[in-house]
Every structure is written in C-alpha cells, then in structure tokens.
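You will see two complexes here that share chain A, one where it goes with chain B and one where it goes with chain C.
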Partner chain A sequence: MPVFKTPFNGYSVRFSPFYESRLAVATAQNFGILGNGRVHVIDLAPSGPVINELIAFDTADGVYDVAWSESHDSVLVAAVADGSMKVYDTALPPQANPVRSLKEHAREVHGLDYNPTRRDSFLSASWDDSVKLWTLDRPTSLRTFREHAYCVYSVAWNPKHADVFASASGDCTVRIWDVREPGSTMIIPGHEHEILSCDWNKYDECLIATASVDKSIKIWDVRNYRVPVSVLNGHGYAVRKIKFSPHRRNLLVSCSYDMTVCLWDFMVEDALVGRYDHHTEFAVGVDLSVLVDGLMASTGWDELVYVWQQGMDPRAA
Partner chain B sequence: MEKAINRQQILLQHLNPSLPSSSSEQNHNLAVSASACLAGDSAAYQRTNLFGDDVVIVAAYRTALCKSKRGGFKDTYPDDLLAPVLRAVIEKTNLNPSEVGDIVVGTVLAPGSQRASECRMAAFYAGFPETVPVRTVNRQCSSGLQAVADVAAAIKAGFYDIGIGAGLESMTTNPMAWDGSVNPRVKQMEQAQNCLLPMGVTSENVAHRFGVTRQEQDQAAVESHRKAAAATASGKFKDEIIPVNTKIVDPKTGDEKPVTISVDDGIRPNASVSDLAKLKPVFKKDGTTTAGNSSQVSDGAGAVLLMKRSVAMQKGLPILGVFRTFSAVGVDPAIMGVGPAVAIPAAVKAADLELDDIDLFEINEAFASQFVYCRKKLELDPVKINVNGGAMAIGHPLGATGARCVATLLHEMQRRGKDCRFGVISMCIGTGMGAAAVFERGDCTDELCNARKIETNNFLSKDSR
Partner chain C sequence: MATTQSPLPNSNDDKPQAVSEVVQQANQVHQEATKQSVPASVFVNSEPIREDQVSNAVKFLSHPKVRGSPVIYRRSFLEKKGLTKEEIDEAFRRVPDSSPSSQPASLNQDGQATSSNVQTQAPIQTLQPVAAAPAGIVSSGIIARRQFHWYHAVSAVGLLAASGCGTALLIKKVIIPKLKLWVRKVVLEEENDYAKKIDSKPSLAEEAAAAAKAAAAAAADVAKASQEMLNSKNEERRRFEEFMNLMDAQMQEMKSMSNSIRKLEGQANSSGRTFYDHDDHRASASSTKQSYVNGKVDANLQPGRSSTPPASAEPPHPKSYMEIMEMIQRGEKPSNIREVNDMPPNPNQQLSNPRITPRTKPWESQNGPRQVLQSQTSAEGLIQNGVDNGLNYLVDDESSTPWWQRKNVRITEIENEDEVKAVGPYGVRTNEQPPVQRTWVPPQPPPVAMAEAAEAIRRPKSAPKETVMQEQLADDQSAARPSEVSDELQRITKMSESAGAVEVNGTGNSTVIQEQENSYEGN
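Right after this comes the complex of A and B.
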C-alpha cells in the first residue's frame, strides 16, 4: 500500500471529490507548534503502490486542515494556524498561488468543511470560538457564528440539508446551526470533556457522531439528543477525528492520539470492526474516499500519509 | 512564543484533561513555559553538519593496483595510469572539465619536472582543456593524501571552487633509488643519516623497539589478504576501480597483447600464517620483516574530485564525503613507522573529536610491524581498521596510496550507511613523518546511531573539561 513521507508533521488528509487518486495533505512543522506549514497535493500512481506529489504550497504557519472545493476540481482551501485561510488552485502556475488569503479569524483556524450539496460555500472553525461562513468569490466572510465558549475544533455540513451544519467545540458541546437562522438551533452537551470532531451520517441526516477527549465516540440522533444512540469506546487516548463512510450506512472511521485508526459499526454490539496501528505517532487525520468504496487515508505526526483499502494492511508493500 | 505555548497547552489538554468542565484556559495551571534550549553539549556537529562552505568530495576513483615489474601495469606509461582516473572523475559527475581550478598530483619517485610534465600530458589525454593547470606534490608516501589536502585548503582559501587531488606512482618505471652521491655531512648528524635508512630497516627498528612479534606481523598480513580477497570477491571494489585499457608485452617474444586491468593483482586469497612463516627476513638477520608482511611494490593511480558543498548542491551532485581536517607530523626517522600513532590523534583533535568517534580507519600497511604498533598504541578496535584489506595485500604505489585510500574509505562509508560517520586515513612517511586526515559522511547523519556510550559522567559539559 503506498506511503507518502512529508517533511513536516501531518495534520489532515482529504480525498479530492473529483479525482479518485488525488489527495490533499495539510502538514505543519514541529508538530504544529512553531514554524511553517505545507499543503501537499498528491496522486496515487495507477501502476504500483507509489504516491507522487503533484504540487506543494508553503505557508508561513502550520496548516491544520485542508478542504477541496466541490465546485472546481483544482481548487482547495487550507486552514493556517496564523488565523488565515489560503485558497490554492493547482491548475494555475505556482507563482499565482495562493489565489486568495482570507484573514479574519483572531486565532488558529482548526477545521474546514466545504458544502457538498450547495457547493458554493465553506465553513471555518477557529480557536477564537467562532465559525465563519465563506464563499470563494467574496473576500470577506458571509456570516460569523459566535456562541461557543472555547475553541471550535471542527465543523461539518449536513449531507442532506444544505443550510445545516454542526460545530464541535472545546466547551464540551456540539451546536447545530442553520445558516438561515441567527443563532444555533440545537446544543448537544455531548461529553464531559472537549469535543474534537463531529460528522454527520451520510445516509441518515439526523445522526451525528462526536469524538471527544474522553476517548469515546458518541452517536446522537438530533431528534432525541438527551441520550446517545451509541457510545463507542476503544481508543486509548483522545479521539482526534471521525468520518462517517460515504458508502456504508453504519460505518465510521476514527483516528486518535493513541496512534491508531479504528473502524466502527455503531449498529453492532461489538462496534470495533477494525484497528490499524500503522502510525508511530499521533494519528491526527483520516478520510474516506467518496469515489472509491473502501479507500481510506490517514496521516499523523510521524510525517507519513498512508492510503489503503479497508481490510488490507496499510503497511503491506 | 506565546502562541507556541498556547498551542502546546491546548494539545496537552487533549492528552491530560484536568477539570471536566467547560471552563476557559486560565483555570488550568499548566506548567508549560519557554526555557533556554537544552539541546545538548558543544559536540562538534550538533544540530546540522551540513554547511555550504564545507569542502566535499563528489567523486573518488582509482585504478587497480598491480605488482610492479610483473603485474598488469608493467608495460603501462605512468601518464596512461593517471589519465583514466582523471577522465573518470569528470565523466561520472558530468562536470565540465574547464571548471576545474587545479589538478594536484601526489607522486614520489619520478624525477620532479619530468613527472610534472607527464601529469600535464595526462590531463590533456583525459580531456582537460589547456586552461586547467596541473602541479605535483611530494611528501613521500603521503603525497596522494597531501594532494587532496592541498586542494581542500585551496578551496577553503578561495583560490578556486573545484579541484582534483590525485596520486600516481609507477614503481615499475621508477623504482626506489638514490641518484648521485650522498652529502658526507650526514655522518655528523644521526637524524640526517637515518633519513637514508632503507624503509625495511626502520620497520625492524619499530618491531624491535616496541616488541611486535613475527607472529603478530604475519597474522596482520594474512588478515589484510583475507579482507582484500573478500572485498574483491563480493564486488565491493567495483564501485571505485576504473578499468584501464592497456597492453602487456610478453618479455620473451615481445608480443603486445591488449588487456583491460580492473582487478588488484597482488591479493593472495589463500595466504596463511604458516606460508608466511617460511619467508626469510630481508632487512636484518634474525629480523621479523619479510616480503610477506611488508607492503607490495605496485603501480597505480587515484583521483578525488573536491568542491564546495554549495557548488555540489547547485550542480546536483551526490556528496560522497566531507573533508574535515588534515595533519602532518614529524617523528624520529629511524622509526618512521610510528607516524600514524602521532598523526591520527593530531588530526582527530583538530576536528574536535575523540578517537572513539571515528568509525572507520584506513591506516596504510607499509609494514605489519608499524601497522600493528600503531593499532596497539592508539588502542583502536581492529574491526574498524582496513576493513577491505590494506597495502600488504592490495599494494602501496607510494604517491597514489593516499588518493586510493580516499576512494576505498569513502565508498565503504557510503555502503555502511548513516551509522558510519567519521573516517580517518593515515600513513607513515619515509624520513620520519606521519600524516592523517579526517573525513565525514556525505549526507546528514543519524545522531541516535552515532551516539556513544558514556563511560563516566561527572555531570559537567564537555566545554568545562
């Protein structure tokens, strides 16, 4: 299975929604604490387990997240730790990049999500406790959602309702928002500790999963958010990122500070379906491909990006 | 710095959550603060050992070394030995020969001006334009190493950016000899007179004075042959040997046969202590130095291409090694073989290292007696010395030896990987001198592999000693 070594520590990996074999990787120097960052756009070679780098963009501070545009196949947005977001276009020559720099957040931008249904807008989650809504044609944000009391780590658009999104925050809550409404429409006090990631189920628009510093992942039905549908325990340390599968209704993948990537089936009694311990440092980024069933990628602070088929060993040659 | 501390705090909170409430960061009394960098001692090359003005070696090649008068190069002109290696360092690196600032050739026995002219001719044969100058250097057996050191020094002094240090000796064409009369004044000064001692006699002096037994010497010779044979058989020398197309003339019939020489022909894979014990001592009655435990008289050449690291990087040339220090010392001419025992510590100290830091040694085996003495005196691990054999098996073409050792050492260090960081080349020098040079691996090194076990720890930093 192909491996890509990045010079800096990995932070996030995302499959391109247009090309099956293309990924973007967000990396930061010195574990994202101090130094520069780099966004890599990489391609899986059709022949053999090789990953080629298409292009890389350097940034002045670490890149914490990256998101592909759903409207243009060569455009991606990078969330930089200095509070700005950079828009890159791989179809343009390197001198023309970044195409745009969107600087409004007061602190690190930690999460990005591009609207998959409406395809024109994206959200940024920042440690300045706010979430901002942007479109590519406007230099300033459209909306700012400021209700959280601590860092917002992650935002996720609802796959069915184009105006609904969720944000996960270090104030231990997940808030559901509607862009048409002035404030949040729902607050889920999901955990006793910080919530690092949230994601919607791709087949049931009412199910949302949250991943927390308390090492658990909880699945919630927004119609009845007092009690979780399911609690997934198994990680040894805080769970950093989760993603529901675009191909299987009940499957979700998570990566954690315990250096493993886990596959869960939350409808089953024994929910842990698979565990991959290929990383030798914190596993901080994971993604499932929308275009290829079962193809997954992960990255971690060990400066490696693995791309493998679910069920196979990521380290196998 | 504040930002870095804040980020660290946030990450620490993920790993070690303190209060399970939605309070802000001020509540958490985390012991995260910036402090002075505690990254290690004043070790010589701590954070990075790559600097743009380092003098690096990008290519080092040699011819095979053949027995003089009887071996593969017995009918080869000396300039035909040098031209192929000069050509090789240019061809293999795709360098434009006109960019070379100087070619310095170490060469010992030939008449000075004639050999210098032959070297100039060899440069022309090798494809160098007339704009590239050539010179020779003679510090007896260390001439090849001295040539490399001179080029490195000139690059550091800014005379030019790219230079070639080479070595050449055809002991078939120029056997060891003294031309003309000896100044009677030597009789008045013992040290001057001792400069005339045959090398073998100095070997006996070393063996006698420092108690190196015949057994030890023969064992060292057998080891040298064994290691050289193993290296040849496993193809290790293929990386560094440049095949030379030449001719062999049958002494009886006068027939010329074209040959390609690419293998050292002095190595005896089946040498054994019992065979060597049968040889008679040559230089002293009841002595210990025989033909078997002395270096062979040989023909050969070597060339080393040096340049600034910044130039090498700009040209995209892979870096074989880094030239660090060179040291030439003087010792008693009567026991000239002790040269390495004095020169090696001097060169290692000049590089701000300890003997323990050196991973590989090439100590010229002029005679087993002096080689064994130096090894014992410096308390070196035999496993690190002459791992692919030495002059007793491969040969000692006086001026070429230094350059040939550079090729052998650097290619072996390359093979050994990041664990092998520093190498030393050293030789004794007739008339009582020694020379040594410290080389470092070309690319960056793995500090963990190169970590040394601490013998004692008085908790003082190296600077305070």
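Right after this comes the complex of A and C.
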C-alpha cells in the first residue's frame, strides 16, 4: 500500500468525486499552531503502489480542510487557518492559482463540505461560531448561520435532502439546519464534551453520527433524537473525524487521537469491525472513496498519507 | 354526489354543483398536499413544549448570577440540557428580559444584551461589565450584586470601620452614663442612707427600687443596642463576604479577559495562535504557566459546562508539539515559517470548464434508469478524454485492474451481510459505465459471467429490489449484455494467461459466491 510523505503535518484528506485515483491533502506546518500550509493533489499510480504528487499549493497559514468541487472536476477549495478559503483549479497553470480567496470568517476555518446532491454550493465551519454558505461563482457568502456558542468544527450536507445540513460544535451540540429556514431546525445535545465531527448516513437520511472528545461515536435518528441509536466505544482518545461509507449502509470509519483508524458496523452488537494503527501520531483525517468501494485514505500529524483497500494492511508493501 | 334522480329542471343545477364539488375536492386535496409537505420534514422538532422544562429554565434564568452572563451562554446551557428552541424562547419570554429590574447600573446589562448576538467574540463581551464602571452607586441599602467595583469594596470597608467606631461610641455614650448614673445613685444612696437612715428607709427603698428599675432599663437598652450592633455587624460581614465572592468571580473573569487580550494582541502581532485544542490539549498545556492556549474559554464557558477533559489522561503529544507551544508562549516564532503570498493573482479568473459530467452517487443510483443514461454519456466522455484523467490505465492492456481495486476475500465476507444492498449499486453500475466496468472487477461481475445458475438460485429468495434490478438490466441493455459478458470472459482468460493473478481472484470469487449463497440461504 502506498504512502505519501508530506512536509507538513497532515490535517485532512479527501478523495476526488471525479477521478478514482486522485486525492487532495490539507497540511499545516508546526502542527497547525503557527506556520504555512500546503494543499497537495496526489494521484495513485495504476501500475503499482506508488503515489505521485500532481501539484501542490502553498498558503500563508495552515490548511485545516479541503473539499473537492462536485461540479468542476479540477476545482478544490481549501480552508485556511487565517479565516480565508482558497479556491484552486488544477486545470489552470499553477501561476493562475488560487483563483479565489474568500475571506469572511473572523477566525480559523476548520471544516468544509461540498453539496453532493445539488453540486453548486458548499459550507464552511469556523471557529468564529458560524457556518457560511457559498457558491463558486460569487465572491461573498450567501448565508451565515450563527447560533452555536462555540467553535464549529465540522459541517455535513445531507446526502438526500439538498437543503439540509448538520453542524458539530464545541458547545457540545449538533444542529440541523435547512438553508430555507432562518435558524436551526433541530438541536441535538449529543455529548457532554465537544463534538468534533458529524456525518450523515448515505442510505438513511435520518441517521447522523457524531464524534466527540469523550472518545465515543454516537448514531442518532433525527426522528427520535433524545436517545442515540447506537454508541460506539473503542477509541482511546478523542475521535477526530468520522465518515459514513458511500457504499455500505452500516459502515463508518473514524480516526482518533489514539492514532488509529477504526471501521464500525453500528447495526451489529460488536460494532468494531476493523482497526488500523498505522499512524505514529494523531490520526486527524480519514476518507472513503465514493467511486471505489472499500478504498480508504488517512493522514495524521506524522506527515504521512496512507491509501489502502479495506481489509489490507496500510503499511504492507 | 348530488341526487341522481332529479327532474329535468334541476339537472342544470346539478352540474354546477358537481363541478363545484369537484373543485372543492381538488382544493381539499391540494390543501392536504400542502399540509403534508410541511410536516414531512423530519429535520424539525415536532415535540410539544414541555412545561416542566420551561419552568426549570425560568428558574435558571431568574437566578441573579445567570443574569450576568451573556445571552448566548444561557441559551447554550439550556440547549445542552435538552430543551428545544421553542422551549428556550418561551422561557426567555417569561423571564423579565436580560436587563435587570431597577438597578441604576442597568447600562451595563443593556450593553451586554445587545452585544451578545453581535459578531464580537464571546470573551470581549464580558469586558464590558468591567469597563463600564457605574460611579457612586454606593447606596446604604442593597448594593447591586452585579455591578462590582473597587469603589464598592473600599466603601464597604469604610462602612464597617465606621460602624465599628459607631458601636464603640454608642457604647461609651450609653453604657458609661448609665453606669455612672447607677454608681452615683448608689453612692448617693449610701450617703443619704447614712444621714437619714431611719427616716428614709422607705424612701431609700423606694429610691433603690427606682434606681434598680432605671438600671434594669438601662441594661435592657444596652443589651438591645449591643444586639443591634451585633446584628448590623453580622449583616455587614455577610455582605462583605458576598462582595468578596463576587470580587473573586470578577477577578477570575478579568484574569481570563487579560489572557484573551494578550492572546488577541499576540494574534494581531502574528506572534502566535490560540490553538483551540480540544480539551485533551488544554490540560497538558496548562502545566506550563498560564498560557493563552488555555485561552478564553475556561472561565467564560456557559454555566454548567465542565471544562475538564474526560476522566482519563489526555493523549501523549509529540515532543516537538510541546516545544513549539513553548516557543510560541515565549513569543518566539518558529524558524521554518516563510512569507507566502497566497492571494489570487486574478480574482476574476474564470474557472476552467468541467471536463467530466458529475457522476451519480452510489446511494443515488438506486433510484431509477434515468441516471443510467446520464452516466452513460459521461462514460463516453470519459473515453474521449485524453491525458491526465486518471484513467490512462484503460489504454494499458496488461493488469487493467488497478491495484487499489483488487479486493480481499475477507472484505467480501462483510459484503455478505448486506448483500442485497451491495448488489444494488454494483448491479446498476456495471450497466451504467461499460468502459469503467472492466476496471471495477467487483466480486459480483464474475458471478454474472458464471451466470444464470447464481441468478436462478438467488431469484426465488431475492428481495423485490433485486428483481427490479434484474429487470432494469434486462430492459436497458439486453443487447449489450451478452457482449459484455463475453468480453469479461475473454478478458479474464487473457489475464489468467498473462498473470495468473486474476485466477486467484477468480477462484477467490467463486468461493465468495459459495459463501454468499450460503449466507444468503442462512439469512
């Protein structure tokens, strides 16, 4: 399984929705505390387990997240720690990049999500307690959603309802929003500690998973949100990111500060179905490919990006 | 419907009636439809307002200490307790608004209330109560518990001193004269007693009684006065303690204020960042001297929120992480940072035209044949695309299965559990994108090649979905399928000649099929 070494500490990795072998990696210098950032666009070589870098973009501040456009195959958006977002187009010559700089947040932008159904808009989650809605063709945001009392760490569009999204915040709640409504439509006080990540189930649009500093992942049904459907315990430290599988209804992947990436089947009694401990530092980013079933990638503060097939050892040659 | 057996003159009436009835029904249906569309959203709270929660919230909001906190924190606290938006709004409505009742120091509260929803950061909000010092609000009665300032402390101390002096004076003035009086009386009595002992015995007695009465009265007065003194002293002490507690709280807030200010300054000078670590980091960083990494949040968190990390220790940090944190706190900048200009050279740069039409998602593709057509055209576009589309391997004839798509037998074991769903996307996808299909080689297509036996076994037990899939496949590409299947066979045989790897896969897949069948039958 190939490995890609980044010069800076990894923060996020995302598969391209257009090209099976392409990924984007967000990295930040000095663990993201202070320093530059870099966005890598990498390709998996078809012949062997090798990863080649297609192009890299430098930023003045650390990059915390990256998202591929769902409408343009060569466009990606990067969330930068100085509160701005940069839009890159890999089909243009490198000197023409970035093509946009969207600066409205007052604090670090920590999460990005591109709308997979309508493909025209994306959301940014920031430490200034707000979420903003953007489209590629406008230089300013369309909407600002400000209700959280603390940093918003993650935001996720609902895969079936193009207007609904969820945001996870350090105020220990997850809010469900509808872009047609002025405020949040539902508040789920999911955990006693900060909620770092949330994601919708791709096959059941009412199921949402939340990952928290309390080391657990909870699955909620929005129709009955007082009690979680399932609680997944097993990580040794805070769970940093979760992602439901685009191919399997019950499968989700998580990465944690305990340096492992875990696979869960939440409908099963013994939910932990896989554990990968290939990272030697915090595992901070994980993603499952939409195009290739079972293909997953992870990155961490050990400056390595692994891409492997589910069931195989990421460190195998 | 209207009466059917109506005589002729009424038939004309029937018709408009029928028409109007039909219109009414249509309206009803329309109304029902619109009504249905509104509650159909499952992403909205549909619970009724719970009165007990609202009353608890009202009690919480009426607490004086809560009233001093920004509105956003009060809301956040209630949300974490599980109240819905409607319940929280109702509670806010019931409690007199964030401005306090009749304090002259209400200027502050107004400032707070208006600023709580403004985009200023949360820590800055609590700067305001400290900044706006209401002067000279010392009233002899109840001093505002929120408004707190140094003046109040000083005046409280002064008051206590004054009351102490007053007490002493009063005692001097009251007790000593009374004592003197009493002593004088006694002495006088003795003198008189000696002079007119016999005569004035009854008068002595009277006088003694009178003196005793006076003394008793004086003693009672003294006792009362001293009791009053004690009470007032206690009261003063109590108030003083209250003041001290509030002072402490304010001190804490001010400390955190100064922290955040320092942090902000630091940020402005780009000398560091408050790293909003999650609680894990915070505990470790606090081992060093109070760092602005701890940042604003600990003191300013909404009431009731525990700012301590989960019970077990925080994760071990990389050494260099701690080194960098310490460097930042000392004010040093790590040396590996360079000036990068990441601004767009042309902010109006046109995005390049997309070369690929978006693919449907696996969870969407179960919806119908329309997507099939769309993605077929996209697949054709794929073939025409030349360089740098990541699909160059199509041109290669050897090992046309990229390494990232070969699968373990182990994985397909997991597939068995939700085989029905798994077949769904595969089933449709193999149909959708013929050129890509070759590279997919998911476990299922070989079963397709192995044919009808698998289908025949599956079909009687299959869920309706699968049969629908089969029908779709049959409908859409009845002509193409045989050729695809034969292509598969050809390719597989070719690959087995060249590498032999696929054979392993093939056998692996065949065993998989057996397992699938077994598990399916077992289900």
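Following the convention adopted for this analysis, the second predicted complex is superposed on the first by the 317 of 317 C-alpha atoms of A that agree within 3 Å, B and C clash if a C-alpha of one lies under 4 Å from a C-alpha of the other, contacts with A are read in each partner's own complex, and residues count from 1 in each chain.
In this section, a residue touches a chain if its C-beta (ideal position, glycine included) is under 8 Å from a C-beta of that chain, and two chains touch if they have at least 3 such contacts.
These numbers were taken from a predicted model, which means no experiment stands behind them.
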Per-residue contact with chain A, leading partner among chain C and chain B: C
Partner chain in contact with A:60 - chain B first, chain C second, else both or neither: second
Partner chain in contact with A:171 - chain B first, chain C second, else both or neither: both
Touching partner for A:128 - first (chain B), second (chain C), both, neither: second
Contacts of A:32 with chain B and chain C, given as first, second, both or neither: both
Touching partner for A:238 - first (chain B), second (chain C), both, neither: both
Partner chain(s) touched by A:213 [first = chain B, second = chain C, both, neither]: both
Partner chain(s) touched by A:79 [first = chain B, second = chain C, both, neither]: neither
First, second, both or neither for A:192, with chain B first and chain C second: both
Chain A residues contacted in one complex by chain B, in the other by chain C: 31-34, 81, 108, 127, 149-151, 170-173, 192-194, 196, 213-214, 237-238, 257
Of chain B, residues touching chain A in the complex: 3-4, 7-8, 10-11, 13-15, 17, 20-22, 24-25
For the chain C and chain A complex, residues of the former touching the latter: 41-45, 72-73, 75-76, 79-82, 84-85, 117, 119, 121-122, 270, 272-273, 275-276, 278-280, 297, 302, 305-306, 309-310, 314-315, 318, 320-321, 324-325, 328, 333-334, 336-347, 349, 351-352, 354-356, 358-359, 361-364, 389-393, 396, 399, 402-408, 410-411, 414-415, 417-418, 421-422, 425, 442
Of all residues in chain A, those that touch chain C in their complex: 17-22, 29-36, 43-44, 46-49, 57-60, 70-75, 80-81, 86-87, 89, 91-92, 95-101, 106-108, 116-117, 119, 127-130, 136, 139, 146, 148-151, 158-161, 164, 170-173, 176, 178, 183-187, 189, 192-194, 196, 202-203, 206, 213-215, 222-223, 226, 236-238, 246-251, 257-258, 265, 273, 281-282, 290-295, 301, 307, 309-312
Chain A residues within the chain B interface of the complex: 31-34, 81, 108, 127, 149-151, 170-173, 192-194, 196, 213-214, 237-238, 240, 257
